[in-house]
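My questions all concern the structure below.
Note that the chains take the letters A, B, C, D and E in the order they are written out, and that residue 1 is the start of every chain.
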Amino acid sequence: MNEILLNINNLSISSMPEHKTLVGSVSFSVRRGEPFTLIGETGCGKTLIAQALTGVLAKDLSATGSIEFDGPNLVGLSGKERRKLWGRRMFLLPQEPRLALNPTMRVIKQVSEVLRYLRGQQPKNALKNAGTLISDLGMSSSRDGRHYPFRLSGGMNQRILLAIALATPAEFIVADEPTKGLDADLRDSAVRLLQNLVEQGKTLLCITHDLAVARDLGGNIAVMYGGYIVESGPAEKVLDSPVHPYTQGLIKASPENGMEPIPEHVLSSMKTAWNSSGSRQMEACL
Amino acid sequence: MKVMAYIPESSRLQVATGAFILLSVALLSMIGPHLTPDPSTQNLSSVFADPSSEYLLGSDHLGRSVAARLVRGGANSLFNTLLCVIGSVLIGVFLGLFSGWYGGFIDATIMRLVDITMSFPGILLALLIAGLIGGGQIAVVGALTITGWPDYCRITRAITQNVKSRPYVEAGVLAGFSGRFILRKYIFIEILPQIAVLATLGFGRTILNISSLGFLGIGLAPPEPEWGAMIAESLPYLRQSPYLVLAPAAAVSITVFSFLLVGQPLARALKK
Amino acid sequence: MLKKLSVIFFCTFFVLAAGQVIASQSDNTLVVVSPWKAKGMDPVISGFIFTRMGCIETLATSDGKGGIEPKLAKRWSVSNDKMTWTFTLRDKVLFHDGTALTEETVVKALSRVLTEKKLFKGTPVESVTSKGRDIIIKTSSPFAALPAYLSHYSTGIIAPAAYNDDGSVAEIIGTGFYRLVSTNGKTVFDFEAFDKYWGKQASIQKARYLAVPNGETRALMAESGEADISLTLSATAAERLQETSGISIISTAIPRVRLLKLNANLDFFDTIEERLALSLAIDRKGIAKAVLKNQKTAATQLMPEVSLWHNTRLELLVYNPKKACRLLEKAGWKKNADGIYAKGSKEFAFELVTYSSRPMLPVVAEALQSQFAAVGIRMKISVGKSTQIPARHKDGTIETALLGRNFGLVPDSVGTINADFGPIDSRGSWGALGWESSKLNKLIDNYLNAFNEKEASKIRKKITAILQEELPVIPVSWYDHHVAVSKGITGVKLDAFELRPYPEGVQWAK
Amino acid sequence: MGEIARILRTHLFHGVAVGLVVASLSFVVVNLTRGDTALEIAIARHGTALTNEALVEQIRIEEKLDQSLWIQYTRWIGHAFTFDLGRSLVSKEKVADLLWYHFRHTLVLSVAAMLISLVIALPWGIFCGIFPGGSFDNISGLVSSALVAVPHFVTGILLILALSIKLQWLPVAGFFTSRHLILPAATLGIGLAAFSSRVVATAIVDVRGALFYQFARMKGLAEARVLLGHGIKNASIPVITFIGLQTAHLLDGVVVVETLFAWPGIGKLILDSILARDIPVVQGAGLLIGLMYVAVNASVDLICIVLDPCRRDPEAIR
Amino acid sequence: MNSYKYCIQAENLSKSFCRKGGKKRGLFSGFSIEVKPGEIIGLSGPSGCGKTTLGDILLGLKHPDTGKVFWNGNGINGSGKSSRMALRPYFQKIYQDPPTSFPPHQTIEEALTDVVKNKYSIGRKDIINRRILAAIKDVDLDKELLKRYPRQLSGGEIQRFALSRVLLLKPIFLVADEPTSRLDLSVQAKIVRLLMRLAKERRTGVLFISHDPALLRVACKKVLSFGR
């Protein structure tokens, strides 16, 4: 067994007709069974990386470089081959739980259908196992499970998504902004659920703008800005003693650390360093 | 034009074609009547004449020029449709604004009015009104206006409600803008394109309805030609001179089709 | 659960509804298609369907030549004072429910129409009684046309069991060769041959009457072979079907006239010259040929050839626009700058009211419009409902109207002539307006007293001469009745007065 | 289930209100019409030739048309509340029977038209929705626009010419067998199908663009499985709402088609009754149309509630 | 105008709303608040607890069930319409969702021009422009951005323009309703610092609504917490 599950090497993403670089030559690797967090602010390209990884990049974007997932390179894989990975090898945990669940299907069924069609369980068994998964996450399978998504709170819906993630045979989970729009309490419980995933033996790639999430999850992290990774390493090391001025600024900008805006010269220095290649991204970040 | 920018590239050709046909139809009905012979001049000695230089599209059962009647009928149908659409839009937008802006009791009343109007089919109402005032242009236009407005009313109301709930409108209120100002600057500008698209599609539907009424025998007083009435008149001669039916039928269909060609991509573009 | 319930509910509802609509297929059935649906199940209202399908019968009927022949009455006679009629009923006539035809039933049926309802204007019937097998009808004045009236469908005789307690009619039980089996919404009537019919039995066992108001649809049904007899087709449809294999067209002239009704109280029509000028401006032959597809229907006088009232010695109506102009100028009209005749500032311009329930009328009106325009007369057409005409006749606002007038309601047209041209105080609202002739009134009185055909014929000629000369209404064209008959049947004869049953004598072709 | 009861209650209330208003309007409009009701009735009953003053006066008294309009109206309202719609002035039949007879035919015709349109529109629309923007989809858009643009009476005539006269497959008119139903239903159904296919296509495109649909694919379910399990049900909600809206418009087409094919439906009944000033029938029909419209809306709401659990709990929507 | 002790005072406010089905649910009751010029008061609490409603009541956009609000010493519930209208522009709000706080079909410049025109009844373009430029300079924005439509701007930029719009009106009291909850950390820091500076400079009272206690601790001297 290879210890490194995902190895991204010199991945860059650019928009097709204009050849504008949106993500420039990003490299990092994720170890099997460990969490990895990608931190960055809006428009820094972190979501594009997740999309390139799962193969849902918009048609006018193209990726170069390599994404080695348990060996083979995913860049340039056909749609059909991609689909074979979905749910079976990798799983994307979507941003907004309520919108990601079918509004007209009972949630327990949405969990059980994965067991049924991906793991080949009998309908009855699948339903029973789905119930177990749901109650393992602290919900009542008989009451909450029989509800439709609109009846459940955002946090509960997120648990259903996690139950689905656990139900799939996929070992690699990509969580895109799992705490977006949640207030403090809910954010903490979401992080606990993600930790739970890791404990269950899954490998997690978490994409977030929230430093606290990264800190709580632990593992390795990478900080992105304007389509590039500015700093990476183990979570505590990067967050407690950041080297790069942007990381430092970001940490200081959080309310807990005094909420100091990132100094203008830090951003402009990076701008000149990368010159025109990432200009669109930079602007959007300001 | 600016509008074209909003239309996806794949449907631009379609919209342009539709607009071109519509322009031609409108132009033909505007200048055509001056070029063709009088549409009500009869010549009983040359009925069902084949197309010739005198009768561009042949002659009908009373020896009248089909081309002249087609062109004049188009002018009549289009003009009546225009009246209906303008009337419906005015009524609908006015009531819709009222309903959406004030809400509450006014809204409930207007919505019931919409229900009642929508439950009554336009063609039957036209028949009723035609009975009331003895047929003619006013009956047709009146009836189709009365039954045509709910669509505009509902969309206006929906947009008004939606815009009203947006923060920038509240910000405007807080900045001391008057209701009239907000209506003009914030709400009208959102309503207009929607109404324009709806009216384009409504234009097509109204032409269909007017021709149905003409077919059922309610419409302009003779000898004024009208597409639907021309079809009904010529139906008995369908087998021997099919073009008498096919020409006005094609005119109706092509015109409505062009309205759809223009309207549907616009509607789709607006939805996005 | 909810889902299933609603699905079940909807399906049952639809199946039930569909089951009631979709009945059995017709085979070996004589299908008659006509524009007229029944208005109610009562001979007084919708007897035309049942008499013409041979289901109910009247005391007398048309002989097809303008005369009257016996039906349920085997003979009749009139007393010397010409005021008491005796009709002797035929024996051994059975109703479809098996009961026998009795005098009481006949008295009941006749008095409903003749004395209670006074359905026929100007029929002076006082009482209807019976004596043995004789029906005695007393009139207040001599009324020679009574037998003709007793051939009208509304005097059809139905069985005692057909009436409700309150005297209204519950069902149709007649004495004819076809028995009514079922109806579907008053537009479809299914009949079966009645095996105890007193006369010649029907040779086709089943018949169906179907009302299809759209003329073009009727023509198409004939063409597709769905209808054996398609009635009242348009001239163009008839012309077209003539060339279709498997169909023959029977066209008969009927005593119905398209005429221009004038309000002679108006300036435009108050002199004979003006009315004649209008008449001369009409190219009847052109209209008849181009629009009605039969030049022979151009009216040269009010009454068509098929009528007893047709007068061969009249000076015929012709087309002469120049003479029309001369007459108008003589009457004081001068052409104005627009080429329209005018007296001072008042143009010769009037409104014509017509209706579309009889299909050719609006077309003829348009033809008239253009012919009048050619002379210098402006006419506006208003197409509405037929009832506009009597209503606006009554309040005097009508100017002109184009209408189809049936002078063959009963084979003798005197009733209609009286109602249209007779004394103003008893005149109906369809006929002449603002015109009266005391000479004509006297002649009508004389005619009702004339029980001798020779004398009657003389009076008829005088009456029609007055109408031709004074033109209180302007005849435009006569009617042809076009019927498409499938080649699958033989023996179809059409009665110009539309009284005898269509299926009479009809057989499947061998 | 409380929500269902609420919907039924409000719709029933609206239905009665709309029905009564429409019926009252019909009464007012018919009575405003120039003309004499008794005369029209006499002519409708006995024909123009037989009608005379005495008869008209007799009818006026028999049918109580000499009373003031107000009394006539309140009498009708009073009876309507006891479910008695009175009798037709022309045929003296019970209005309720007349309405039911004609309504039945219209119902069968419209449902058949609807079925035909669905049979055509569903596969067509779904296919277009799965491959949006493709050449098939583009051509379909044009074809459906073209079909929508042809008036019903033209479609009807062309169908008769082709199927009844040329090919002799189907009967022209009448209403005896299911074969008679096909042409009028197809005439109505084709236009409707053209329209609905676009609605179906849009609904499918929308659903396929929804996050939950993408997520269902991400879950690793097979494409067909996703369409069946997550697409169809959600896409059917806007389609059903649209069909409900169309039913009101359907009646417009029904009038024309019923005239052309001699189909004894409600449209023709109303047409005839208006022309004959048969006020009780017009009123009854007004009531029926109002109720029908509301019934359709109620059914659409109920079906949507069955399909869309969100609507069962109005508070949960926001 | 400058001689007031409190920008806004409210006493004993309570509000409940009706749910469908007739059940009433109380949001808050007996709530009192006073805001002094230049003071930022924080308001925290979980979502759905009525924070926004309270803000609207203070601005006179909604009516409380009980209690009174005083603007600048005037009771707004009872006072005449004209005096309320005159005070109206001095009570302003900043919204949570940046893209919807400006009309989508106007450039920012047009939107701001409308505000100036309406408030000061000036028609002259150069005066208006001068005022607008001054206002956006305060929020540290480039004038090039004025020509853009809201959809062409980032959330932080729009929010700063929203701030400049408010400043053009010289507000006495400002409700900032979760102004940064949809923004990135670094942008949030920038906006909040800006708000703090302006409140102090302009002597504007601010009610800062947020669900993030840490943020309020930095921005405000006093934090009221709102619970069910």
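The rule is simple: a residue touches a chain if its C-beta (ideal position, glycine included) is under 8 Å from a C-beta of that chain, and two chains touch if they have at least 3 such contacts.
All figures in this text were calculated on a predicted structure; none of them were measured in a lab.
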Intersection of contact partners for chain A and chain C: D
Chain at maximum distance from chain A, centres defined as averaged CA atoms: C
Innermost chain by mean C-alpha position: D
Chain B and chain E: spacing of chain centres that average the CA atoms, whole Å: 47
Whole-Å gap between the CA centroids of chain B and chain C: 42
Centre-of-Cα separation between chain D and chain C, whole angstrom: 37
Whole-Å gap separating chain B and chain D, where each centre is the average of the chain's CA atoms: 22
For chain C, residues contacting two or more additional chains: 385, 388
Footprint of chain B on chain E - complex, ascending: 59, 61, 85, 88-89, 91-93, 95-97, 100-103, 105-106, 111, 114-115, 118-119, 162, 165, 169
For the chain C and chain B complex, residues of the former touching the latter: 215-216, 219, 234, 236-237, 240, 283, 286-287, 289-291, 356, 362-363, 365-367, 369-371, 380-385, 388
List of chain D residues in touch with chain A within their complex: 210-222, 225, 229-230, 233-234, 307-310, 313, 316-317
Chain A residues within the chain D interface of the complex: 54, 56, 83, 86-88, 91-92, 94, 96, 99-105, 113-114, 117-118, 148, 150-151, 164, 168, 170
Residues of chain B defined as touching chain D within the complex: 10, 14, 112, 115-116, 118-124, 127-129, 131-132, 134, 204, 208-209, 211-212, 215-216, 228, 231-232, 235, 238, 245, 249, 252-257, 260-261, 264
